[in-house]
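Common to both upcoming complexes is chain A, partnered first by chain B, then by chain C.
So, the complex of A and B:
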């Protein structure tokens, strides 16, 4: 293992450990930005408790994780109850290691792909081409972005099940880079079971696995069918485990219908609190389509030559627009952004985005406290902050997409053009 | 095994096949008892017993019993009905036990016949509560599937039927928000056979009743079988009023019926077979005027109570045109009453700050010298999600274990959280039962009017079997009249008490904002849609900057500049 990676693992593990044994860990766990109804550790404990006492946790309103998480958590809580926070820290560090190796594979692949096309590039574009040193540097930046991102640290200390999600996703990225198709699909199915939205990631994955095959469309179709089969099989396994289909409605139904309106950092909660009842269904489905398949096809057609970039974009899209977003998921897609280091020179909103992130991350908990505890603010304050936070994430996303397109243009047309000319969309 | 034994103690067998029965009897009783700290408890009980044949439509041909009540029994296939409408809080710690405990607001529970399916019971229950809503002018129409539970351990039938019924045939609902007032009293009075101006009913003046510290109206109707097939049965209807008067409002500790009710008693109801007043005179340091004709001493379960009995029927014969008044005079104030707390009492409150996470705590005190087994029943509305794993029973710092737990998790907008916890409370200790819950955010149209007033959580119900009858005033299960509770020594005494209802303040959205919120959230969605749409449908091209620079602001500047040039 890389020496500097090892150091950062130890350092970030220590940070996580010291925060988790401090008196702040409980209040971090309780924060709505960290724990949502979908990933909260308290709800997980309740589900396990009910399950162990012979009460079906899915008939109630508290527990919304899938049966596999239930069984795993039941095993962990029954046998290693004293080491839970250490297990969470360990899982988070393993996630970073898989991000490192996954992004390393992707960087290698990007570099190889570039070797084939480099003859068509314009002169003087070395600065924005993938470099051989990137293969070593970029994965480290990605791992760093995960290890020292305050969002992922808080997420880990808060012991949310998003920590497990991130592990599954990082493993999936790793399997993708190593071209382990079956493993990749199983992991995607597991993550879809937990969070529902990631099913759209099957598109970049199908694209990636069909790159070297002769009959691409058949290959892609087979991948999608295989995924559907695995997903169905997993649900059937869960059904055998729980001997009832009730969990379907309690997990996917709960996510799609956004039944819990507890404030979170997303757009759904206040929108559907204030929604008129006869328009609720219409807006619910509009919003869910917006999150899942509205941008799927246009983005796929635009970025089809780089499935990994498409994966990054789709991952951030479903994080921003999901019904119960949390900062842990944001930390994961952010850790993939350094992969596109050579795109970053074209990004123009970095300062605005970072400043807004900083301001809203401080302002959000503050106005929430004022609303809930000090009684000196109301729901609108927190809603306003979450709107700005979502906007800044959207800026980051669109800026990244636009920068990617600009880079592509510049690779073939050269970076230095007349000062009187400007790149724009026509 | 131990668990089952423990639960069986609450099961009360009721065998009436050999009991004496009455055909069409109406009795009125009034029990008056001085409580500590200058409070007086008056308890009215109007009992109608009526023998009928269950296989005919006999139920429609009533005489003394109100037809509205017998129709409920005919149409909704019920064998037992309990409705109470209460306001205020009975302070068990200082006042002892009431004859008939009731939760604050409206409370309703019903036993259905066993030939109904669960679906039919569901329908009948809703229809019955709507009928009661009309009958009593109370908001029973708010009884829905979402606030109904089927108590598992806490309730057993007190009626009899040809087969034993399990908990799937009972329905229970509580409406703690209900405000009880005169509009409930008037229809309640109409269910009695007497004229409202006659007998004990003449004392029930709304003005005086609703200025009391605690008042509770009740209707308890049950069917009791005479033979084994239950073709011959008694319908027993008990209408009760339980009041606690604060003597400070009457200027002193001496009181009389006239002071408490605004007028004296003008005699007995003409159709009643007995009209009696029982005045509790145990260890009293006062004189009564007039003196009771009969002194009754009731010994049960280690406690002795003395009652002065007034037979109003006989009294009327001697004093025509005279209002009957009983007065307490010449209080000596020499003795300072030592408050003997009853064997069991409970307090309930909310813990925690803010509107995010809270804790509901029940403090239950056993002041008796031996262990008490009890069942606590909680009925949390769907908007109070509780975490069962945080349920803690604590004596000081020591945790005790529950003997049995029945829990049905609630579901938003569909089902209430039903929790029953059975445990044994050690002698002379206070057990703190606590459970955590979340404050949740509702849809803006689901908040009640005046949303910042808060939402009520119904009282919890504590049931136990007491080994002694200290402070115990309830009737034995087979008894109909209060007089039958005298000298009724049993091996144990079934007790049910209700705790406080709670008020929680859920976080509220800004109710004036729906359009703004919809617009703003959609704008943010559009912020993503616009650029992504542009990028995926358009091509990147190099353009001359000048062309591209013609923005709105630039055009505006051009125009302004030109305008300024013209006058020169």
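So, the complex of A and C:
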């Protein structure tokens, strides 16, 4: 293994460990930015307790994880209860390792793809072309972006199940880069079971696996059907395990219907607290369409030549717009952004986006404290801050998309232009 | 889509022109923002920009009920006072518990004594004991779900503070009256606290089962009432009241709901007792903007320290609305004839407040929580005052953005030559000749914050203080040594961490953003503190520029270093204390004051540490974790080397 990666792993593992044994770990775990109804460790423990006592945890409104996580957690809590925080840290570090190898594979692939096209590029574009050294550097940056991202550190200390989610996703990226189709689809199905929204990632994955095949459309269709089969199979396995279908409503239903209006960093809770009940269904489906398939088709058509980029964009979209977003998921998509290092010269909002991230990340917990504990501020303060936070994420996303297109244009037309020319991608 | 992202490719030339323009006037522009923010605040002292207070919560119905207090309650208060004075002769240094307990039981309250212990963090395991005494009047109409607290701090005869003995008889007389009424739907807790704020803190911690504080052992309460929704604390100096004064500033600058403040003011007016916020006797000119301005500043000054100015301040932490009514004694000697009326008025105010609070259906949530009081009937709400802080903090963000733009778009000389050759071309991607050394900048940021963390840890660590105690060093001196170590370390740090001017620019960006973020969130939590920090630090942060060019101007460098030292947190604390003592003791020799202020500074820091440990005041933590590291970063930036020098060195 890479030496500097090893150092970073040790260092970030130490940071996670020291924070998790400090007195702050409990309050981090209780923060709504970290723990949502979907991923909180407290609820997981409750669910395991019910399960071990022979009560179906899906009957109540506490537990919303899928049965496989329930069984795994039950096993871990029964056998390794004292090492739980260490296990979480270990899982998080493994995630970083898989991000490293996954993004390495993708970088290699990008470089190879570029070798085929490089003859068509304009002169003087070396600066924005993928470079051979990127194959070593970029994965390291990606791993760093995960290891030292405060969001992922807090997520790990808060012991949310998003840590496991991130492991599954990183494994999926790894499988994708190694072209292990079956593994990739199983992992995607697992993650879909946990979080529902990732099912749209089947599109970039189908695109990626069909790149070298002759009959592309059939291949894609087969991939999607295979995914559907695996997903159905997994749900059936879960049914056998739980011997009831209750979990379907308690997991997918809970996510789609947004039943828990606990404040979080997303856009759902405030809106649906205010909503007249008559219109709830209408807006619910509008919101869910917005999260899932509204942007799926246009983005797919635009970025179909680079499924990995599409994957990054879709992953961040579902993170921003999902019904129970948390900072752990944000940390994961952020760790994939360094993959597009060569796109970054075209990004024009870095500074503003980063500043807004910082300010809202500090201001959010502050006004939440004022609202909940000091009893002085109210929901509007917190929603205002989270709205700005989401907006800055969207800025980051659109900026990335535009930068990608600008780079593509510049690769074929060169980076210097006549002053009189007006160029716009509108 | 142009709104979300810039889709054009060819705008960079125009952008460059703007950047050149902006970079010329960067400091001026930022300072203008700062000035606008400051003037905005000054403008708030005009009555036209203030609002009159009003009631938002209809359920309070202030003063609508007929007062039922009769002369017998007044007489009881007077008798009780005489009895208490008698008891005080035998109980010189503690509360006369037996008497008080007997009285409460006689009235018919559920009476309990609450023991607490303070394990003093300094001075090798010294402990202090205290005992609160409280009685609960159970609501006859409803189960104990909600309650209100009426509290009085008790000061034994040998106290250094102003005596406020009359509060206890007043409260007991009211308790006697209240027990005979049948309309209470909330429990009333009559609380007499010991040891000033410590007793109150212990009571609240015990009441809410908050046992995180291991310095204050808050003990157990053997009887509890419902959820406390409001509390009124009385500091009654004498029955011969000149006027009532309201104290609202709580821990960490939290304020009670404005409705509660209005309620007390309205009832006082009704029963013809002069009342006011920071009341000074004398005529009050409504339209005088200058006086308003000083009123504003005086409230904000009290609020900014985050130290509660009465026992009410500790309630705020638990989301309980509370304030203190301080009845100030009449100065002129000679017994007043209408003292009965004064007692009656006080009792009626208490009755009115209790009945209004009794009416509440929900917690206070309607009116303002974030406001600044100008006078007892006018205030400024958050929407009006926040822009001033926002603008000042924004100037820091704008400055950092401008530095960022200038650093990224600075036309290099080579490139400028190149540009001449083909003038009609624009290059979209320009390769920068300098590489940012992220690692080095990160190291500087990390180290300076580590110094801050170290400052916090060594001043609050029990082991270090036990060691100092065992060495026979008094706490104050010990803190003085510790602070000097930190001071020396923070000043010497540039010796170990060297930077060039180019990297220093990015460090500057980072520190500006950090300061801006800190100011914004501090001003949300405690507007006054945020405002004063902004006023003090922002101009300094704006005018710090990294010295460029090949040579370092020694004179300028010295001036700069001096300026830096002036803004060091410790210098600032010292300056503030000097100023305050100069105002308070203006007749004294200035040199003497300067001398005395040094020990006062050390005392001040000690109290800040104690406050942070016992009550959870975060002013000290903020100074250690944010302000000191930021100062260190500025200090390191001051010693950054010009760029050319380094590149030459490398070439050699």
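Operating definition for what follows: the second predicted complex is superposed on the first by the 421 of 426 C-alpha atoms of A that agree within 3 Å, B and C clash if a C-alpha of one lies under 4 Å from a C-alpha of the other, contacts with A are read in each partner's own complex, and residues count from 1 in each chain.
Note that in this section contacts are C-beta pairs under 8 Å (C-beta built on N, C-alpha and C of every residue); 3 or more make two chains touch, one makes a residue touch a chain.
Keep in mind that this is a model prediction, so the values were computed, not measured.
S.K.: Figure out whether A:337 sits in contact with chain B (first) or chain C (second), or with both, or with neither.
M.R.: In the superposition, A:337 contacts neither chain B nor chain C.
S.K.: After lining up the shared chain so the two structures overlap, which partner does A:50 touch, if you call chain B first and chain C second: first, second, both or neither?
M.R.: Only chain B; A:50 stays clear of chain C.
S.K.: A:265 in the overlay: touching chain B, chain C, both, or neither? Say first, second, both or neither.
M.R.: A:265 contacts neither chain B nor chain C.
S.K.: In this superposition, which partner touches a larger number of chain A residues, chain B or chain C?
M.R.: The partner with more contacted residues on chain A is B.
S.K.: Going by the contact rule set out at the top, does A:277 touch chain B (first), chain C (second), both, or neither?
M.R.: Only chain B is touched by A:277; chain C is not.
S.K.: Could you tell me if A:409 is touching chain B, chain C, both of them or neither one (first, second, both, neither)?
M.R.: In the superposition, A:409 touches chain B and chain C alike.
S.K.: Which partner does A:351 reach: the first (chain B), the second (chain C), both, or neither?
M.R.: So A:351 only meets chain C here.
S.K.: Looking at A:301 after the superposition, I want to know if it touches chain B, chain C, both of them or none. Which is it: first, second, both, neither?
M.R.: Touch partner of A:301: chain B, not chain C.
S.K.: Where does A:398 make contact in the superposed view: on chain B (first), on chain C (second), on both, or on neither?
M.R.: A:398 sits against chain B and chain C alike.
S.K.: In the superposed arrangement, does A:373 touch chain B (first), chain C (second), both or neither?
M.R.: both
S.K.: Show me the chain A residues, by the header's touch rule, that chain B contacts in one structure and chain C contacts in the other.
M.R.: Common interface on chain A, chain B vs chain C: 373, 378, 394-395, 398, 401-402, 406, 409, 417, 419-426.
S.K.: State the interface residues of chain B toward chain A in the complex, per the touch definition above.
M.R.: Interface residues on chain B, with respect to chain A: 353-357, 382, 385, 387-389, 405, 407-412, 438, 440-445, 507-510, 513-514, 517-518, 520-521, 524-525, 527-529, 531-546, 548.
S.K.: Please name which positions on chain A make contact with chain C in the complex.
M.R.: 127-128, 345-346, 348-349, 351-352, 355, 358-359, 362-363, 366-367, 369-370, 373-378, 394-395, 398-399, 401-402, 406, 409-410, 415-426
S.K.: Which bits of chain A are touching chain B when the two form their complex?
M.R.: 30, 42-43, 45-46, 48-50, 53, 55, 57, 59-62, 259-263, 267, 269-277, 283, 287, 290, 294-295, 298-299, 301-302, 317, 320-321, 371-373, 378-380, 383, 387, 390-391, 394-395, 397-398, 401-402, 405-406, 409, 413, 417, 419-426
S.K.: Show which residues of chain C lie in contact with chain A when the two form their complex.
M.R.: 1-2, 4-10, 13, 254-255, 316-317, 319-320, 363, 365, 369-370, 397, 400-401, 404, 423-429, 431, 513, 516-518, 520-521, 524-525
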